[in-house]
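Structures are listed in the sections that come next.
Across the two complexes that follow, chain A remains constant while its partner is chain B and subsequently chain C.
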Partner chain A sequence: MTIPLLDLSDRWFAGEGPEARTVVSSRCRLARNLAGVPFSRTAQPVQQEAVARRIADALSVEAGLKGFQRIELSEISTAERAILREAHLISPELERHADHCAVYLADNARISIMVNEEDHLRMQAIETGYRVREAHRAIDEIDSRLSRHLTYAFSPQLGHLTACPTNTGTGLRASAMLHLPGLVLAGRIDRIVKDIANNGYAVRGFYGEGTHSAGDLYQISNEVTLGKSEEEIISGLLGVVDQLIEHEHASRDELFAKRRPFIEDSIWRSYATLSQARLINSSEAISLLSRLRLGIDGGHFNERLTHHDLNRLLIEIQPAHLASRRGLTDADDESRDAMRAEFLRQRLADIVSSN
Partner chain B sequence: MTIPLLDLSDRWFAGEGPEARTVVSSRCRLARNLAGVPFSRTAQPVQQEAVARRIADALSVEAGLKGFQRIELSEISTAERAILREAHLISPELERHADHCAVYLADNARISIMVNEEDHLRMQAIETGYRVREAHRAIDEIDSRLSRHLTYAFSPQLGHLTACPTNTGTGLRASAMLHLPGLVLAGRIDRIVKDIANNGYAVRGFYGEGTHSAGDLYQISNEVTLGKSEEEIISGLLGVVDQLIEHEHASRDELFAKRRPFIEDSIWRSYATLSQARLINSSEAISLLSRLRLGIDGGHFNERLTHHDLNRLLIEIQPAHLASRRGLTDADDESRDAMRAEFLRQRLADIVSSN
Partner chain C sequence: MALHGHRLCDICNKARATIKYTRIDGDQVREMLICQACASEHSPLHRHSEAEVGGLQKLFSTLLKEKGASELAAKVEPTECCSVCGTPFETYRKTFLLGCPGCYESFADALTIDLRKIHGAITHRGKVPEGQAEEIEQRETIVGMKRQLAEAVEREDFEAAAHLRDRIRDMEREEETPPETP
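Our next item is the complex of A and B:
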């Protein structure tokens, strides 16, 4: 089984969403479990298999849920699993497991449904730009349709029951991936991140749970899923993100007004290095791409480079994507850094010459 | 009085000297004082004036010493003095003084004679590449001719008397400016510099006395001027430089054999930054130019960039040269860094497109 993932041109990040200067993408996911079956990690193989079958049946009988591509994790290679994880289509948790695990993809991978992750069902919708409500509506619709055919583990007191208590209640995690170079360069980000964290929101890096921020990218999501309605969770997140957008805009305006040469220097140096380096690791590449993104927003590239180009590059420079492009499944760090540098040189030259 | 210094195309560094991969330039200078007159800094103005006149007379009557351009330090601006110092044509000591101070330049500034520096006479010859003997011959010839018309302060026991005892004896300082990226990248340079210093040689940076090495450039010169003949001093220096050249070649060969991707990455990143930065200070510029020099030696620029180009750039990126190009006499650090970046972008684009 081969996943046609390398043509990324029509994926979720193809469009320019609202507030694209500051919000890279929006996501919502719901965690659900089937009643009367142990959670995935404690279920017997036969129970996991039954869960997978019941979900497959539900998806196939519900008319509004056609068009899903089903990928069995046990039928694809380790490298392909890594590609799915790098593309944010499966979690690291699902990547580590294969038996009776699957992912369903639809709508150019805007929608993904993981089966037998730590919860039986993890449904996710991802959108470009600032569209948390749209993502929520999309996933809520799928949840409603599936619930006609599946009986969820649900407690009147607690709400939806989940493998990890942090998801219990609504099972909803809503998030926005923000690009905050203005707050970073102004030295204000640490304080703001701390305030946000103290108010019940998690702040993560681009590469998900457990990662540090890189390239001035910060994923903000709700910590609390219990004792609030889905609407309250979404509204709360939007309130925080609205404020961040406002602060970021103010910081950028001030920086461009007062420190324009410094900012422009940083943007053009980043472009230069990405266009000429012969070795570059992920972490440096993402930092430099982040500066290009700021350059796009500052009008430095005359539309020859777009947010879409950068969204793609952030996915494509990851190890498994790079390796698959070369047909390699294994490479040492230096070879990978050389591949990444070559890829970036070529891609930037193509983008700039073709647009 | 305006000095036509900005056309640098025919200056001493125009040629490619021997061992140009490793030896940027070679210099010899002789310190001399007139008998019966106090050294410059303790002489009365009338005595300084007399010294200047006697030297002017000697230069004008001696047939072999025609064609010198005389520049009176008191007749040029502070900015012009800085340009002469940056071009290695006068010392910082002469730059700080003006009255009765002069410099004579000949042979495209290969030869310079400073008058009323701390010694009455400082004669210098500078050559591209590894040509210490040629520089010595040139300056020895001038010394011989001048000595027919001037009586030097000389002691049969000590030799030539000088303001600073470190120059007493021969008054000869012979030096070579070496480019040692191989030894720097291999981490061997500190040990080698220490050994050289322990053996009676001074190690300085590109910008002369009191400066640290920058851009992997090291000026090696004799410390001892007393108790040795000029020939012994020159031979001793050549012995040290020969060894350094050999070590440097071995280090580079090893680096290119074992760490080629790392070296190439460093070269192309330097080129990229120099071609795109919007702000760049002297110290960074010289480091990056140093990597381009290594790139030239490694054949990375297909002769589109030459040692001559880089020798010029090293002079031209200095503050007074930059400012004069823009007709500015005063600029803050950021404006200067912006000018330097703009100059480098334009120059590199011109060089690469024209060759």
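Our next item is the complex of A and C:
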């Protein structure tokens, strides 16, 4: 089975939408389980199979839910699974436990429904730009339709019962992926991240954990899922993100006003390295691409390079994507870094000459 | 009876009484003033009741008291394994993952504490699944009636309170009867 790699992940490549300068993408996911069945990691294979079947039935019965592409994790190679994970279409958790796991994709993979993840159902909607509400509306609609055919594990007192108590209640994790180079360069990011974390929101790097994030990309999400309505959770998150956007804009304005040569130098040096390097590891590439993104926002590339190109590159320079382009399933570090450098040189040359 | 002007607990007669405890036995109404420790012993709900409304506190202690002490004692210590799926409590502590929806009942006490730590709340206020709305509505009525009961106790209308209590008991009994499986 071959997966059309790039077509699948086009949904947040678009690089458009409100506040695209700062907000790369918005995502909402819901965790659900079927009543009377052990959670996925405890369930026996027959029970997992039954869960998968009931979900498949519900998806096929509900008219509004047709047009989903089903990918059975056990039927694809480990390389293909890695590609899906790198494109954020499945979680590392689903990649690890392939048996009886499936993912349904719809609407250019804007919607993905994972089956037998930590919870029986993990469904998410991703939007490009700052559109958390739209993402929630899309996934809420699918949840409502599914709930007509499936009996969820639900308690009137505690709400949706999930495998991990961090998701109990609404099962809703709403998040926004922010690009915050201004706050990073101004040295203000650590304090702000701490403040946000103290207010009940999780801050995660796009790549890796902790306060330092390669590429200055930070995902902000709600931690509380119980005791608040979906609307309260989302408006709370929007309140935090609004403030971050404001701080980021202020930092960038100040940097461009006071240290323009420094910022411009860093943008063009990044471009130079990316378009000339012969070996580049992914963390360096991601950091340099962040400067390019800042250059796009500052109007330095005259539209010859767009957010869309950048979002795409961020996914395409990851190991499984690079290897599959060469028809390989794996590669050692150095040859991978060489492939990455060659790929970036070529892509940047193509993009700049064609746009 | 007084400690620096405070009234002492009617049960242990040692600590300061902070909770009014009302019990209705048939037509008999008994009021006691007890301390936090004795309240915890008599009702697991009291351990996380600081935020609950005072009236509901009394109500719960009344309702729970009637369930019998042995059942309550069993609930205070986390059960070794989930009675539904057999997942050991130990596993949950290590992985932070529950085995099945039934674990929420089996490990209710520990989970109440954990959920409160994580979310600062233990009551769902979000979406209710469409297919389950009716069942929930029934529950809502019980919750509503409990609130009425608390109010009745508050205004010392014990006749109405006893009546409400019996109806709640009937409805809860009905709920506990498992539906026939096809």
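What to note about this one:
Assume the second predicted complex is superposed on the first by the 341 of 355 C-alpha atoms of A that agree within 3 Å, B and C clash if a C-alpha of one lies under 4 Å from a C-alpha of the other, contacts with A are read in each partner's own complex, and residues count from 1 in each chain.
Note that contacts are C-beta pairs under 8 Å (C-beta built on N, C-alpha and C of every residue); 3 or more make two chains touch, one makes a residue touch a chain.
Predicted model, so just to flag it, every value in this text is computed and none were measured.
Residue contacts after overlaying the shared chain place A:60 against neither chain B nor chain C.
In the superposition on chain A, A:243 makes contact with neither chain B nor chain C.
Taking chain A as the reference chain, the count of touched residues is higher for C when chain B and chain C are set side by side. Of the two partner chains placed by the overlay, only chain C lies in contact with A:39; chain B stays clear of it. In the superposed model, A:334 lies in contact with chain B only, and not with chain C. In the superposition on chain A, A:265 makes contact with chain B only, not with chain C. Of the two partner chains placed by superposition, only chain C is touched by A:147; chain B is not. Common to the chain B and chain C interfaces on chain A is no residue. Residues of chain A that touch chain C in their complex: 33, 35-39, 41-42, 118, 140, 143-144, 147-161, 163-166, 168-170, 172, 200, 223-230, 232-233. Those residues of chain B that touch chain A in the complex are listed here as 261-262, 264-265, 268-269, 271-273, 275-280, 334, 338, 341.
Chain C contributes residues 85, 87, 96-101, 104, 111, 114-115, 118-132, 135-136, 139-140, 143 to its touches with chain A in the complex.
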